[in-house]
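Scrolling down, you'll hit the structures one after another.
Next come two complexes, and both contain chain A; in the first it sits with chain B, in the second with chain C.
Entry: the complex of A and B
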């Protein structure tokens, strides 16, 4: 056996890399969705000065490359503020904010898609704005948003591969290491790509099931 | 009592309500007639606070609806039935009816549901409690809309062209229910085009024209030759309706 051959231990490396990628994906998804939801709720209540700020920040996040954002957080912020930043925290901050920006846009559209008539009725019956958001707008906006959000998350899963460039040992970084050692780029990258593919498919499939469940539990729209 | 004094409502450049003064006493059924665009619906939307008056005052049992506290108090004692039903599509008939009693009046869910089922039975929808609005016909939806208003046990019911979106047959279903309500001494402000029905249930009729109250008369007088019919505009309006 040559030093460069594949070994069973490489499977452990791959599993570790996958674990890092998934952990980062899941934590940034939770943080990003909560933050995006928070942005959308704040935006809905039209606080002065805050709305333009939210829109400006999310627009900037949506319209610039994630890799550039990552460099800004990993290299730029520590330089500016004289603090230390680990690759993992830089990855977490960047991807969470990025997911939040897309979640904000989708949830906001969901909220704004609710027909004015129902809100009139709820207001005329004396419900407060927070009650209207929770009981009338929220459930419908959720059903509207779930499909697009799953779509974004499938994309964000792929985007996690960018963090390998700042030295996080995610699945792509492991691919890089195996590739340098074995000099078998076609095999390595085909395997890495397939792992991402399978994860994305599982995610999309469970998202579609969740969406069907939510829609069925409301039953409206499919009589 | 609902007291409306010198009510003005303008949208951008157009004046929709131009100095309306109207009192509705407890137990009265006041029908508001008038051509489309005369300001009838806007009048209702000002009373329930969905539009903010540009001038004048509205009080419901002394609660000034232009103040936040007054509006909240007024909304607990009055309820609206809408032209396009305005039901919540993601809730069943039962859910539509119980939302405000639970959230606004603080009733328990069980109590609100029991009351809602009784109301649904009263309007002939006993078997439809768990259906969603999309599974109901227009007439059934409006009956749910009426139950939703009644569930608040309101002193005042505001009805905004509640049969305009219905065909003649289902209009009958809804009018039958309103007829029943009328005999139960509920106070109603009834914006409608159903002249014959208005004549049969109202105690008073007001006629609106271009944002002003043209006449305000007891029903009998309104339809009398020397009363409302003596006003050329009303005679013309009623003859047009009869032609239809």
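Entry: the complex of A and C
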């Protein structure tokens, strides 16, 4: 037996890598969705000067490679501002902002999809703008945007593999290590790929169920 | 201008990388569109085996990270006795990944076609192959120009990942420049602008093409 062969401990390594990937995915999803929602609400209330800024930042994030954004945050910001940055925090900042940019665009479209008449009617009933946003626009915008949001989340799960490039020990990095040690690229990358595949499928599946449930609870007027 | 002072000595080198990015993207776009068209027609076919294979391909390549696919090919192909350069491997990987997404878009274009149009073509005496090539595919492509465009823009952004397998395209070159100048922020900020301008140009071209293809359409 060579020292380079697969060992049972590799399973622990894989589980660790998967844990890092999933933890980063979950935290950046929560942070990104909240931030994106915040952007969309701010955008809805049309504060002066803020809207063009939000649009410019989100467009820049959507139109540039995530890898370059990672490099900018991980190498660029510490060099510019003379601060320390760990790979994990750079990954967290970049992926959260990225998710926020995509979420912002979807939620904004959801808010804008609501008929002007409904808002006029709500205003006629004397609801305040914040109430209209919560009671009238919010639920419908949620039902509208949940599908596309699940779509981008499946995508973001795959984007997390890029953080291995700046040295976070996620699933892909573990794959790299195993690949270099065992020199069995077919087995290693097929296993890593199928783990990602299964995660993406579970995510898409549960997303579809959530979407159905939300749409059902908001469906009205159909007999 | 501080940024310009940092970038200026390396501008030729960066533009070389940019040219390689554009070249790789153009090859991959051609590959992805051709592959996507073929796979979409397989997924729309009557034979269940063809349909299954094509569906499995696009399902796998859409749900596995591109980085993993790239490493699989980059480290795996030499094991099979296929020795090609990193650039070629990168272009193949990009085409494979892009083709999976493009096939999805074209398939939904095919499905959006009115049954009546196909039946009318059949009644006029065209056989199935002709109906597909002359009627279904042209309409489907016309409908899918815009969504295919956003897939292709994504492909351009994804091409930055080729720098991880030693292809010195724009991102790879920028890494070298950042390491030599110790000014990573300025270098990567310029990089963001270059990528954004490339994708913007691409999306403008797609809008123009969409308008040209649909110039005889009225309404939607």
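Before moving on, here are some points about what is shown:
What we mean here is this: the second predicted complex is superposed on the first by the 219 of 223 C-alpha atoms of A that agree within 3 Å, B and C clash if a C-alpha of one lies under 4 Å from a C-alpha of the other, contacts with A are read in each partner's own complex, and residues count from 1 in each chain.
We take it that a contact is a pair of C-beta atoms (placed from the backbone, for glycine too) under 8 Å apart; a residue touches a chain by one contact, two chains touch by 3 or more.
Owing to the predicted nature of the structure, the values given are computational and were not obtained by experimental measurement.
Superposition note: with chain A as the common reference, chain B and chain C can be accommodated side by side. Here the apex is the CA centre of chain A, and the angle it makes with the centres of chain B and chain C after alignment on chain A is 100°, in steps of 10. Of the two partner chains placed around the shared chain by superposition, chain C is the only one that A:201 touches, whereas chain B remains out of contact. By the touch criterion defined above, A:124 lies against chain B but remains apart from chain C after alignment on the C-alpha atoms of chain A. Note on chain A: of its two partners chain C and chain B, the one contacting more of its residues is C.
Of the two partner chains placed by superposition, only chain C is touched by A:66; chain B is not.
Residue contacts after overlaying the shared chain place A:175 against chain C, while chain B stays out of touching range. Of the two partner chains placed by the overlay, only chain B lies in contact with A:139; chain C stays clear of it.
Of the two partner chains placed by superposition, only chain C is touched by A:185; chain B is not. By the document's definition of touching, of the two partners only chain C reaches A:80; chain B does not. No C-alpha atom of chain B lies closer than 25 Å to any C-alpha atom of chain C in the overlay. Those residues of chain A that touch chain C in the shared complex are 60, 63-69, 71-72, 75-77, 79-80, 154, 158-162, 164-165, 172, 175-176, 179, 185-186, 189-190, 192-194, 196-197, 200-201, 204. Residues 60, 63-69, 71-72, 75-76, 79, 153, 157-161, 163-164, 171, 174-175, 178, 182-189, 191-192, 195-196, 199-200 of chain C are the ones that touch chain A when the two sit in their complex. Interface of chain B with chain A (complex): residues 48-50, 72, 75-76, 79-80, 82, 84, 86-90, 99-100, 103-104, 132-135, 148, 152. In the complex of the two chains, the chain A residues touching chain B come out as 117-118, 120-127, 131, 135-136, 139-140, 143, 218-221, 223.
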